[in-house]
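Listed next: structures, encoded as C-alpha cells.
Both of the next two complexes hold chain A, though its partner changes from chain B to chain C.
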Partner chain A sequence: MTTQSHLAHRFQTLIVGSGPAGIAAATCAAEAGHRVGIIDDNPNPGGQIWRSLRGQSTPDTSHGDGASEWYRRLTATSATRLQGWSVFDQPEAGIVRAERQGGTVHLHYDNLIIATGARERFLPFPGWTLPNVMGVGAIQAMVKGGLPVAGKRIVLAGSGPLLLAVAATLRAAEAIVVCICEQASLRQLAPFALGLAADPAKIMQGLRYKAATLDVPFHTSAWPVEADGDGILRSVTILHHGEKQQISCDYLACGFHLVPNTELAAMLGCRIEADNVAVDELQRTSISNIFCAGEPTGIGGLELSLIEGQIAGLAGAGQDKEARLLLDKKRRASHFADRLAAAFALRSELKELPQETTLVCRCEDVPYGSLKQHHSWRAAKLHTRCGMGPCQGRICGTATHFLLGWNADSVRPPLLPVRIASLASLEAPLNSATSNTQETP
Partner chain B sequence: MTTSYDAVILGAGIVGAACALECARAGMRVAIVERDTIGSGATAAGMGHVVAMDDSPAQLALTGYSRSLWTRLSPELPASVEYHACGTIWVARDEEEMDEVHRKLAYYTAEGIEAEVLDSNALAEAEPNLARPLAGGLLVPHDAVLYPPCAAGYLVEQAQRHGATLLLGHTVISAAHGQVTLKDGTALQAKIIVNATGSLAPALTPGLQVKPRKGHLIITDRYPGYLHHQLVELGYLKSAHSSTGDSVAFNVQPRKTGQLLIGSSRQFDSDSEDTSVDHKIVAAMIERAALYMPGLPSLSALRIWSGFRAATPDKLPLIGPTEDPTVFLATGHEGLGITTSLGTARLLADHLLSRPTTIPLAPYLPSRLPSSYLSDEAIHV
Partner chain C sequence: MSEQMRPEQIQITIDQQSITVAAGSTVAVAIALAGLNCRTSVTGEPRGPLCAMGICFECRATVNGIAHSRTCQLLCEPAMDIRTQ
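Moving on to the complex of A and B:
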C-alpha cells in the first residue's frame, strides 16, 4: 500500500477526465480563478486523441490541432493535475473517491465536470475472440506503445472516422493495411464527406488522413462476418456489397464507432437521454452542481469536445456570460456531430452477425444463443451472468443494446474493479490543494 | 389467455417459484405472476447460503427440513444453479465463543444435523486465509451454497413442465376474494391466491407485519482456492437478531466461479425500493471482515449491491391462511428465504391439500401475529 491511501483534496471545480474536453474545462475554470482539480485514469494526460507516447508525461502535441497550446495554457494555471487515478464512486454528495495502485484519494468538490470521453463499440461475430483480433483503439495504442507491425497484414473493419485515423498510424509504422471496411454505404457517407469540406479545420484533418491512407483500399458497405484461425487469427471473411471475400491477415482491428462513457454520470444520478448525458446549453446536467462536456453528451469529435469543455469550465466558475459567447460555435460544431451520427449509423444487417455459439460476454463466456432466450438485459444478466464480470457489461451491454435493444441496469459502485480496502476508506483528512499528489510537472 | 386458475402465485422469487412447483406438481392449474423477471427481487440480492440456523427451535426445524429438501433435489439441479455442498464453518474468536460452539454442537446433534468441532489448528488448516490465532469453529458439513436466480428459474421451469403458466412483466394491483387484478386491467380468477411478493407483500395483503430490512453484499474478482467453506462469525445471530439499529457481521461465501461474496449488513427503516449503496455500512462490513480475514481488503471488488429481506417481528416466516379464505401467505423469510423456500412450499401445499406435514406448520401460521390493518397502506404498489 502506498502512503497516499488517505489523502483528500477540496476543489471548487473538479474535472474527471483529461482529454480535450477536460483540459479545456480545467483551463477555463482555473483561468477564471477557481481552485481546480483535474483527474484522469491514464498515466498520461490528453485523453484518447492527445494521449502521449509511452513514458512521456505531456500530451502528444504532434497533431497540430491545438494540443500544445491547450496544454501550455493548462500548465500555466494552478490547477492540480492527478494522473493515473480512477474515479470509482461517490461515498457522499460532493465527494468522489479515486484509486491508484491501491491508494485512495477523496476529492471534495463544489462543482463537478464530467469529461469521461467515449470508448469503442465492439460487435460480436464468429471468431471475434481469437487472438490478434482487437479493437482499433487498442491496436493504435499498442503501436504507439511500441508493438512492431512493419510488414504485418492488417485489416481494419467496423465504422467511423477512427478507422481512418488508425490506418494512418499503422501506415506510419509501415504496416500493410490490406483494406478498410466501413459498414456504412457510400450514400450514407456522402453528406458527411461534403460536410467536412465546409469546415476548414476538418479539411486539414481529412486531408491528412486521406494522404496517409491513399494507397489503402477503402470499402464502403463492407463488414466482417467471420474471423478464422487455428488458435490464432489467419484470415477474415468480409461481406462487401453482398459478396463474401476471404482475406488473409495477421491482425484484424475492429471498432463500430464510439459509445459515450456515461457510467459515472449515471451513477451520480444525472439524467441520461437517448444514451447520452442530458445537458442544457451551459453543459449543466440534471443535477445542479454537475456539468458534463465532450463525448458523454453525444459523440461529436474533438472540436465540439473542446467547445463544450470551455463552456462547462466557464459556467462552472460562474462566468455564464463568457460561456454564452461560445454558443454559436457550439451550434455549428454540433451540426458536425449530427452529420457524424447520421453518416455512421449502424445498419441492421449487423444484428445478424453473431451465431448461436458466438460469445457475447467475454468475461463470463456467455454465447448469443443463451442470451436471446431472455426478454431484458436484467433477465439475461441474472440468469446467464452476462455482464457480471470485471468489465461490468461495458462491452456486452453495449453490444446487446444494439443487437437486442436492451437497456443496461442502473450503474452500481464501484465503477471499475477496486481494492476492497478502497471501499472501506471513508474518512480522510483534508490536505491542501498543493499536496504531493500533484503528479505532473 | 385463460383467466381462471386453481392457484395464482404472486411473485416469482424463489419462494413463489417453489410454491408454484409444489402446487403444479399436485395437479393444480397454476399461474405465476411476476412484475419484472424471475428471481429479480430479494432472490437476486441474496447470498444463496443453504444453512441450518438455530435462532429458535422453529427456525432450526424449518431450515433443517428445507436443507434436506435441497440435498434431495441437488442431483437434478442444472450446472447454472452452482449448487455446491461446501459446508459452513461458524468461526469462534475466543474461548467464550468456543462455549457457544459446544452449545451449538449439542443442539444441532439433537436435531439430527451433523456438525463437528474444529480446534484452532484444524480451523487454520481448513481455511488458511483466516486470521491467526482464532479459537476454533463448528463445521456443519452438509450446508451448501447455490446461485439463487437460476435456482428460482429451475423451479419455475419445472412448474411449467407440470402445466403452470408464467406471466412475466405483469404487476398485480390487487389480490383478494378469489380475484387477482393486473395493472393492465386483466382479472384472474383463483380459488387460491398465494402472496409470495417478499418484502412488498403488505402492499397486496394489508396489515402484514413485514418490514423491509436492507442488506449489502460485495462480490470480488475470481480467486479460486482462496476460501473453501462458507464462513460465518458466531456473533452473526446477535446481528441478525437485533430488531433495532444497523448491524454488520462477518459472513463470506465461496462461489463456484472462484469469486467471494462478502456480507453482511442489516438495516431497518429504509424505503423498500431504494437499493442505493450505503457506503458507511459497506465500510463497517469490510472492517469487520478484515478482523477475520486480514487478506480480504487487498482483493479486488467488482461490485456492491443491496436488497431487502422481508422481516417479521419474531424472525419466522408467514406461511398459511389469512382472514380472506382465498388468500394464503408465503413471505417474511428475512435472511433465510433461499434456504426455506422449499420447506415453505411443501408445508403450504400440504396444508392446501390437507396432507400431513413433516414438521408442524403452527409456528409459521400468520394468525400467530396480531395483524394491524392500515387501510391506506393497502393500495400503494
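Moving on to the complex of A and C:
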C-alpha cells in the first residue's frame, strides 16, 4: 500500500489544470506511453468552458465542441486524475505540493505541463462589491453549480465573447437577460466578427449563441458605471453612447475579458513576457522540463488551447516530430487570438470608473482614493495593505495594472493562503486524493 | 460513486439552520439559496461570490470546521456543517 501510493505520486508528466489544454496534454502524453498525472482544483474536470453541470462528474459535453471525445480518450488512458486539489508550491525542483480540505500531497515529476487557464478581469466601479454583482463566467459557473435563475433579471456587461456564450446559458436556464453591454465599439468589433466568417466551426457556435439570444438587446460602447442596492443588488446604471440608464435587476454579471493565470509559472521561475508565459514553438518555457499550454501563453480560446495542449503533451513525451505536425494548425488558431485581443481591447474611459471611495482591494477594503496617492504597487501594498489578503492581489493587482499601470511583485509561495498543517506538509493518503469523482489507478 | 447512487436531495446545515439542496450543488450556491451572504468584509460589508472559480476568496466560509474554505469550489455533502464568516 505504501509503495503503491508512493509510486502513484511519481509521474513522468504531471499536468496542472484539467481544462481543454490540460486534458489534451494528458491524453497525448499518456497515449505516447508516459506515466501521467493531471491535477486540478475544481471538484470535476473540464476547466472553464467544459465545466460540469450540477450532478454530473464529467465535463459538460452538451456543446458538441469535442468535450466528449477528448474526455473519452483521456479516460481510456491510465492517467491518474486528481480533482479538488490546488497546487500551491514547489518545495524542491521536480516536486510540487497541492492542498485540499484537510490534506496535502507531494507530486514528483520529470516534466511539468502548466495548463492553468485564465480568469476574468474585474474592474472596480461604485457598488461592485454588492452581493449578486459577480463575473460573467462566474454566473455561468454558479448556474452550472445549481443556482436557479429562472425568471431572474440579469444584466450582462463588460467585454469579450464570453458575454454571448453566457447569455445563451442563462436563456437556457430561463433567466430574463435584460441586455448585454459590451464596452468595445461596433467599429472595433466589426473586423473580429467578419474574421469569424472565415471559420465554419466558429460560425456554427456563433449562430447557436445568436439564436439563443436573438431578442436580447446587445449594446456596444456601453458599460456599467454604478451598481445600487441595500445590502444586495437592486439596480445598475449603464452608460450607453454617453447616456445614463438605470436598470433594475437581480444579478449584474460583469467581467472585462480574460487575463491568463501565470502565477504558478512565475513562481516556478518561468519567463513571463508581456503578461503571458513565454514558450517556444513546442510549448517549452524558459525552464527545459516545464511546458505551458492554453490560456497562460496568451488568451486564444478553446481551439488554440487544445492544439497547444496536444503539442505540449507530445513534446514532453519526446514525440517532437508528431508535435511539429500540429504547428500549422497552431499558427492558424493563433490568428484568432490576435483578433480577439484587438477586438476587445479596453477603452481608456474605464479608468475613470472608480470613485475616491470605491473599494479596489476587496480583501482588505482599500478605497481607490488611498491607493492612487502611491506611485507603485509595492508602495501601495506597504502603506495600505492592498493585495495582502487571501487573493494575493489576483483581483486588485489585475485592476491596478489597468487603472494605474502598476506591475505586481514577483510571485512567492505559497500560491494560496494554505493552512499551517499544509505547510507542515502532513501527507494525505492518495486514495483520498482520487476519491472525489475519479477512480484510483 | 455512480450517478444512480447519488441521493437527489441532501441535507446540510448553514449557520445552524437545516437546509435541503439538490445533490451536486456547490456550497456557494447553497449559501445563496439560504438567503445568506458568505462573509462580512473587514469594514462590515456583506459579500458573496465574485469569480466562482477559486481566485477571489469572496465566497469563503467555515466548512466542517475549516475556516476560509472557498465555497465555490466545494460540493455539498450530506450533513455538511457550513458557517458564514
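By our rule, the second predicted complex is superposed on the first by the 416 of 441 C-alpha atoms of A that agree within 3 Å, B and C clash if a C-alpha of one lies under 4 Å from a C-alpha of the other, contacts with A are read in each partner's own complex, and residues count from 1 in each chain.
Note that in this section a contact is a pair of C-beta atoms (placed from the backbone, for glycine too) under 8 Å apart; a residue touches a chain by one contact, two chains touch by 3 or more.
Just so you know, these numbers come straight off a predicted model, no measurement behind them.
A.B. asks: Quick check for you: in the superposed arrangement, does A:P91 touch first (chain B), second (chain C), both or neither?
C.D. replies: first
A.B. asks: Given the touch rule stated above, what does A:T129 touch, chain B (first), chain C (second), both, or neither?
C.D. replies: second
A.B. asks: Figure out whether A:I247 sits in contact with chain B (first) or chain C (second), or with both, or with neither.
C.D. replies: In the superposition, A:I247 contacts neither chain B nor chain C.
A.B. asks: First (chain B), second (chain C), both or neither: which does A:N42 touch?
C.D. replies: Once the two structures are laid over each other on A, A:N42 reaches chain C alone.
A.B. asks: Output check: A:A379 vs chain B and chain C. Expected answer is one of first, second, both, neither. What do you get?
C.D. replies: Only chain B is touched by A:A379; chain C is not.
A.B. asks: Looking at chain A, does chain C or chain B touch more of its residues?
C.D. replies: Comparing touch counts on chain A for chain B and chain C gives C.
A.B. asks: Now for A:I176: first (chain B), second (chain C), both, or neither, which partner does it touch?
C.D. replies: In the superposed model, A:I176 contacts neither chain B nor chain C.
A.B. asks: Where does A:R412 make contact in the superposed view: on chain B (first), on chain C (second), on both, or on neither?
C.D. replies: Once the two structures are laid over each other on A, A:R412 reaches chain B alone.
A.B. asks: So which bits of chain A does chain B touch that chain C touches too?
C.D. replies: On chain A, the overlap between the chain B and chain C contacts is residues 102, 389-390, 417, 419.
A.B. asks: Of all residues in chain B, which touch chain A in the complex?
C.D. replies: Touch residues, chain B against chain A: 36-40, 44, 80, 149-150, 153, 168-169, 218-221, 262, 275, 277, 279-280, 282-283, 286-287, 290, 296-305.
A.B. asks: Taking the touch rule as given, give the residues of chain A at its contact with chain B in the complex, in rising order.
C.D. replies: Where chain A meets chain B, its residues are 89, 91-92, 102, 374-376, 378-379, 382-384, 388-390, 392, 410, 412-414, 417-421, 423-426.
A.B. asks: Can you name the residues of chain A that touch chain C in the complex?
C.D. replies: The touching residues are 41-43, 48, 54-57, 84, 86, 101-102, 119-120, 122, 129, 131-135, 137-139, 141-142, 145-148, 231-232, 359, 362-365, 389-391, 394-395, 417, 419.
A.B. asks: Show which residues of chain C lie in contact with chain A when the two form their complex.
C.D. replies: Counting only chain C, the residues touching chain A are 3, 6, 21-26, 28-30, 32-33, 37, 41-43, 45-58, 60, 63-64, 66, 68-69, 72-75.
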